[in-house]
Amino acid sequence: MLTSDNAFSTALALIMSMDSALISIVMLSLQVSLMAVFIASLLALPLGAALALWRFPGRNVVIVALNALMGLPPVVAGLCVYLLLSRAGPLGEWGLLFTPTAMVIAQVILVLPIIAALTRQQVEALHGEYAEQLNSFGLTRSRMIPTLLWDARFALMTVILAGFGRASAEVGAVMIVGGNIDGVTRVMTTSIVLETSKGNLPMALGLGIILLGLVTMINAIAHVIGETAKRRLG
Amino acid sequence: MKKATALITAGALGMTFSGTLMAADDYITLASTTSTENSGLFDAIIPTFTEETGIEVRVVAVGTGQAFEIGRRGDADSLLVHDTAGEEKFVAEGYATERLNVMYNDFVIVGPSDDPAGISDSENVIEAMQRIAESESPFASRGDDSGTNRAELRLWEDAGVTAEGEWYRELGSGMGPTLNTAAGMDAYTFTDRATWVAFENPQDLTLLFEGDEALFNQYGSLLLSEERHPDLKHDLAAQWHEWLVSEEGQQAIADFEVDGQQLFFPNAE
Amino acid sequence: MTIYQAPPVATLQLENVSFVHRGSTLLKPTTLQLAGCHRTLIMGPNGAGKSLLMRLSHGLLTPTSGSVHWQSEPPAQAMVFQRPVLLRRSALDNLTYVLAINNPPRPELKGLSRKAQAMSALEKFGLAPLAKRPARVLSGGEQQRLALARAWLLNPRVLFLDEPTSALDPAAIKAVEDAVLEFHHSGTRIVMTTHDLHQARRLANDVLFLHNGELLEHTPANVFFTAPSSPEAGAFIRGELVW
């Protein structure tokens, strides 16, 4: 019988054992999700800021589309990347399907709209406050972007964490494009699915507890850094 | 300084990452079924193969229907599935050049231990399935076009039962999730023996019917067409294909046991 | 005291400048010339269009009709707002930030590093001990002085100030007024809005008087305060409520 008690003891035993397979799964999860968030941030922060500053025809369409894509089902993102990277697909020659790189690509697609849409909101609000002063300095809009992103950094850290949350929690996309290959593309979430399908529910829940613990730890670190800096900078 | 930190982080991330990516090139991707993966067969036999040949086998475990699709698109180097009719069609369509029998196990019907449809003393599987349909006892079907699902649907057809209605629940899930669901709602379900024996959450489910020849579950290995997908690792895949039906391969399959029970029976000709 | 002899300031010309927002005319067509290195005070009751006229002159807003132009190369300009807009960084970083934008250093600071230039501006405005403090936790008076120090580093030939003292206590007001005079001594033209008559008397060379979006007077300060030509300005000076 499954009780939360033996899930916790399983989780604890897993952590204590420092099982090398578990460690490699945890490391791969972190690598894939952190990499995806890093790449998505690199693209989405300037994109969101540009969307906040420029008025152009169709801008509202882009904003609505980005907001809608925040709810893109991971499976759909996974399927699109699968069709793209499949040997029969347009990028098939790269041979990336069933590799960690494919998982990163899928997660970038999931995370990018979140970071871009929320960055747009944050930067637009800050721009409302800064616009006259920055105009007075003679800054063009493209030169305002670094200033606005830097000054919105605390809010944007939360935005990036939201992206990381989505990346580390999703399973639909990485399952399809990674294939859950033991030792190659098996991450925390796909392991949980696998253990569940084996009926090994304490193990599945134990892995879930470890995943939650990791995500909590990363959020806590970011929170402490953010709060300290905020207190220092007002 | 902050920029430098970010760059270093990115660099480090990239390095560790490319480390993972730059694994040995001597590997093949094998599309196979959840039953073989979940039971632990591959964990038992692949290391032996890798030791002999130096070829790593990366298993993508999906339903048989999806495995065929992966094969058609050229996304795997080799296929090991269990739907003989589908496999022969796959060869006929020119996606594979050769199909070989590798092993078999059998399907069983599991259900709640009080057996409300009374199938345990059925003469044969047709009768067992008719009893489930007549009593309208809940039945959980994979409904995912997998090999197991295809076998189940053929049996309903042979039993002259239209599998639909309140009692018949198509889950659209793999074998494991289907067993979890069947256990949760006290339903009968049709499963391969390997997944069942290795399954750890049976709750009140118990094995109720087995042993009919119609429940024979044949696994076949497919050698993919070099003409269709020239980029695949055909040489390595051929080694795997041949090893499976070789003496060593067949012995490795026979040696795999869960709880002292042999789950797959080699039958290469 | 040696006064740095700055070259003459370019003349600002507004021709038939009007501003309409959502159907209501906030500034009626206005023609105006701001010449010489004066301290010009823009006065008038709330809602008269003082800040609007200033923003149009500085180029923050585009007029609905008419034109705003300088009669030669547009000079270096800076603006100090009623509520200072400071970046979420230290006081020092707020200053090095503007130095990094593109402006050439003030002549007397030439050759110094950005940080050294910023420190000298902090010292000049009595903020040196606060260099490392986050700008946005400073007091209102300190923030406004920091905004002035920032404007100082921009070495403007024209400095716009929009009600810079309206939220400050008397000591802080004194510091801002001293800074305004300091800017002027170094050759910077001052354009400043205020609704404080006493402040206007202390600072003004000439006065622009606005009422209901209309420029009623542009006269030297001594004339404006003794013999205003419009009845509205007269009432304003006598401290009556003007609408």
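A, B and C are the chain letters, set down in written order, and residue numbers restart from 1 in every chain.
Everything below uses one rule, namely that a residue touches a chain if its C-beta (ideal position, glycine included) is under 8 Å from a C-beta of that chain, and two chains touch if they have at least 3 such contacts.
To keep track of the chains, here are their UniProt names: A = ABC transporter permease; B = Substrate-binding domain-containing protein; C = ATP-binding cassette domain-containing protein.
No experiment lies behind these values; they were computed from the predicted model shown.
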Central chain (by mean CA position): A
Reference subunit A (ABC transporter permease); chain at largest CA-centroid distance: C
Two chains sharing the most contacts, counting C-beta pairs only: A-B
Centroid distance [mean C-alpha coordinates] between subunit B and subunit A (ABC transporter permease), Å: 32
Separation of mean Cα positions, subunit C and subunit B [Å, integer]: 78
Whole-Å separation of chain centres (CA-atom averages), subunit A (ABC transporter permease) against subunit C: 47
Interface hub residues of subunit C, defined as touching at least two other chains: none
Residues of subunit B whose C-beta touches two or more other chains: none
Contact footprint of subunit C on subunit A (ABC transporter permease) as seen in their complex: 129-130, 132-133, 135-139, 143, 147, 151, 153, 232-234
Residues on subunit C engaged by subunit A (ABC transporter permease) in the complex (per definition of touch): 55, 58-60, 77-79, 81, 85, 87-90, 97-98, 101-102, 134-137, 154
Partner subunit B, residues of subunit A (ABC transporter permease) touching it in the complex: 1-2, 27-28, 31, 34-35, 38, 86-89, 92-93, 95, 97-101, 179-182, 184, 194, 196-201
Sites on subunit B touched by subunit A (ABC transporter permease) in the complex: 9-10, 13-14, 16-17, 20-21, 23, 29, 34, 38, 42-43, 58-62, 72-75, 174-177, 179-180, 183, 198-203, 229, 231-232
